[in-house]
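After this come two complexes, each holding chain A, first together with chain B and then together with chain C.
On to the complex of A and B.
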């Protein structure tokens, strides 16, 4: 007896097997963790912040859809229902009517309806709206900004890399919670936006 | 026959070469000059530049100085009976001598939208839905009743006995006595009295008292200035829409106005920011500052005039009081 106890050396095969078990275990655990984190985080969608938007016209031509998902929307609580609507009429329009030569919208997407003297209501036909923001610019310049642009989520593909957002010069595009997909103006009391 | 074919081939080759070279030069030239892309008018462009340039021959005023305003947001300007300049902002009033030297300042109980000063140096501040009165030292004297949830007070004019408050939210001018007692609504549509009613599409709605004690109100949606007795009887009006320099542009202008000692009107517009002077009959006589003198996006140019007829323009984008005086002819 020498007093030394002989220990069994770890066999190479066992070492490799155990190592593989650890690696596989860690990988599966990590993936499960990542997936569970992703599923618990709230989904987000793209939206245009109308308070930052400068109506540069890029939304009309940079969407991957054949007709841009960006449309003009209207806050009726803010609208002044003007006869001389600077979002509807050309700046130098000779008459305040629905003639094509008087209309600002290049696609005729805004409908003007008489209510009572001297008020008119303006509604957007989204099928015709191309999202150029020309009316928005007119309304923001002279009016109170009741016309503004929004990505409409009944058609937006919510691309990971939004091609409009990438080209937006004012960085007005942001991810917003899918549960609140719009950045709206106006309110029930009809208060004006601070000009 | 062989020679003829060779000649034909040479001619063909030369023609192809010539066409190719012409094409290369043509498209190369277009690429370098950027033609082809920009030769069409942009149908989406909102262009009002041509209107911004009108009226250059009527500019009879020049900017003679400015006072920088150190406030996060500026809202209103008034000139006191001693020609001191009062500027309001978020929750402060700054007081300057008319040479721009700061005199004093004080804080209010909340954000101020507009202000007016009477001959006793009492300050009337429009605080959203109500008026507060401060003395010359900035001590709060009174807070008047709220004009309701919809109220947006945009301008105040003070006469010897009354205070007229323009409320853009309710589209009405309220008449108070100086103790804050609400006396009367002025401007409700009334066909028998020929009162057209105020159309106020955006929160700019200005009032002023003229030298004869009559009330002037900017009915912006009708592009007119309307004159009322202090009891609310409609007297007259003038003004018309026009993108050109003679008219008031856009849906709703003038956004602000004030009166010169001879009864002329100094007006400011938004959309096409420009400041003009009309005589008592409403005829354009001068341009104080054309559109080119303002940054794009300038709105809400409040105005005031001192006893020497200098015109003070509160430029909210540049955060300064810009002082204009008539050019020496």
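On to the complex of A and C.
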């Protein structure tokens, strides 16, 4: 600063302010530069890793959506098409019929269709599925593990901080690239590899 | 065939029943060969929102910022600012459901800095940077008409009261504390507290947990009398905008022309962001202030270090909010036999087969991060407290009514109170303006 400005407090203040403006501007610019190096044009989305999930049922209630974005999905390529499906039937169910009392799913979201002796196909009605994971637990415990939970991206809002991820006891949730938004099993697992 | 499968099932049941089973993929039953020509259905995997929409968000952000600046600086139109604000509320709030927002982006940025594995999306970077850049040149026009959190509060301002200066100064410390905590928690990976405690996101999504609904409603209710309480006394991003705005090249002014100290605008700002002109009949007291400022400057390093020390002592309690640390504590209790019942989290951890020691090591690394972060956080809060106190004692000669650049949200409410603005708009003639004697002006007349 020169002697000229020293005598005038208003001018001096203005000079300080202008210099600060430039310094802060450069800082913000530098910050933007560093951040852009750490960033990618691609978004991330939330997904749960079914290999870590313990089906604690928190997914059903902790999503910000009234009907959780997490649903059960079915990798048909892994399914045994069992008559006695441990994901469909209550343990110890008397009859292998479609009566509500013998079904594991609290909302009756699993549809059982006869294919050929002795095979049955099980499909999930996502409109009914609440994402509780009861069937997943059954299938993983005694079956092939072809039923598992996934956040469905037609429903998920992709919150900045997934409110399920925060509470997941197994820490199964992570941010994944939007081009590979599912962590799938079986033949389906390769589905998003090519991007 | 059927019988065989049944047998396998029963055997599996007996064998596996007592074991806590995890989602291991196991082919317990062979994949069937279908004879009826049945084709397996595809697993449908609906894609997330397409990338073009992210670009759309960025475009809307830039357009809204530019328009807000134009409306506030060039048009000086409160009506247009308000309309744009309603649009932003609809778009960023109700349509985009409040995510991503610039306020929350602070956390993504700190997380990205300390966790190299996290690739921050470019749109989040822009949501963080652009409002700051605009504020650095034009003031907080982002707050005026673009931020959805600000908009929802602005819409309910009914009968704003003046918050006493001392109370405002006291409450004004909270945003700094909140910012510090949010950065600390995000950087250590403990979570995004700004998102977690966002009072308004529940409105945008028509649902939140009970406590947050109560918090949101009380904020809005309070907002009818204390204008924009979140913006003024909580918003962590507001701190950064405030800093930028203070240095802004151009900032909105109350008068489009000059100020004749008519005092008509004095009470017009619901946010208490108007600096009153000095009463020229009273001489400024300076001597006493200088001594106090000097004393505070001497105290400053002591306060900063003291607060830093306090912050570092909070490491244990703060780090408990990190999931890894809380898990480690639970595992520790169980290992010591102090707790018999396993929690979901510890069950899940034990199923991974990872040795407890590894977890403890991770947890202690996080704890030491909290200790270091606590020093910085505490020191930062101490520094802010001192600077705020010093600010209370430093008086600058204020010759005219003007906005406080840091806290003014550029909402444009005060413009129309200024008689020069009335002249500019053709609602008053220059002759009428001259007749206004600034000492006995009837303020109420112009309030209507």
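Following the convention adopted for this analysis, the second predicted complex is superposed on the first by the 151 of 195 C-alpha atoms of A that agree within 3 Å, B and C clash if a C-alpha of one lies under 4 Å from a C-alpha of the other, contacts with A are read in each partner's own complex, and residues count from 1 in each chain.
The criterion applied here is as follows: a residue touches a chain if its C-beta (ideal position, glycine included) is under 8 Å from a C-beta of that chain, and two chains touch if they have at least 3 such contacts.
Just so you know, these numbers come straight off a predicted model, no measurement behind them.
Enquirer: Counting residues of chain A touched by each partner, does chain B or chain C come out ahead?
Expert: Partner touching more chain A residues in the overlay: C.
Enquirer: So, does A:180 touch the first partner chain B, the second partner chain C, both, or neither?
Expert: Neither: A:180 stays clear of chain B and chain C.
Enquirer: Applying the document's definition of touch, where does A:161 land relative to chain B and chain C: first, second, both, or neither?
Expert: second
Enquirer: With both complexes superposed on chain A, which partner does A:170 reach: first (chain B), second (chain C), both or neither?
Expert: A:170 contacts chain C only, not chain B.
Enquirer: Of the two partner chains, chain B (first) and chain C (second), which one does A:106 touch, if any: first, second, both, or neither?
Expert: first
Enquirer: Scan A:55 for contacts with chain B and chain C and give back first, second, both or neither.
Expert: Touch status of A:55: both partners.
Enquirer: Which of the two partners, first being chain B and second being chain C, lies in contact with A:84: first, second, both, or neither?
Expert: A:84 sits against chain B and chain C alike.
Enquirer: Return first, second, both or neither, reflecting whether A:134 touches chain B, chain C, both chains, or no partner chain.
Expert: Touch partner of A:134: chain B, not chain C.
Enquirer: Counting only touches as set out at the top, which of chain B and chain C does A:142 meet: first, second, both, neither?
Expert: In the superposed model, A:142 contacts both chain B and chain C.
Enquirer: For chain A, which residues belong to both interfaces, chain B and chain C?
Expert: Dual-contact residues (chain A): 55, 79-84, 86, 91, 118, 137, 141-144, 191-192.
Enquirer: Can you tell me which positions in chain B touch chain A when the two form their complex?
Expert: Interface residues on chain B, with respect to chain A: 42-48, 51, 149-150, 152, 168-169, 199-204, 221-223, 241, 243, 249-253, 270-271, 299-300.
Enquirer: Can you list the chain A residues touching chain B in their complex?
Expert: On the chain A side, the touching residues are 55, 57, 60, 79-86, 91-92, 104, 106, 118, 132-134, 137-138, 141-144, 189-192, 194-195.
Enquirer: Which residues of chain A touch chain C in the complex?
Expert: Counting only chain A, the residues touching chain C are 17, 20-21, 24-25, 28, 31-32, 34-36, 38-45, 50-56, 58, 64-66, 73-84, 86, 91, 115-119, 121, 123, 136-137, 140-145, 148, 152-154, 156-161, 163, 166, 169-171, 175, 177-178, 181-182, 184-186, 188, 191-192.
Enquirer: Which residues of chain C touch chain A once you look at their complex with the stated criterion?
Expert: 1-2, 5-6, 9, 12-13, 16, 21-32, 34-36, 38, 40-43, 45-49, 51, 54, 97, 99-101, 104-105, 107-109, 112-113, 116, 118-125, 128-129, 132-133, 136, 191-192, 195-196, 201, 205, 207-208, 243-244, 247-249, 323, 343-345, 347-349, 351-352
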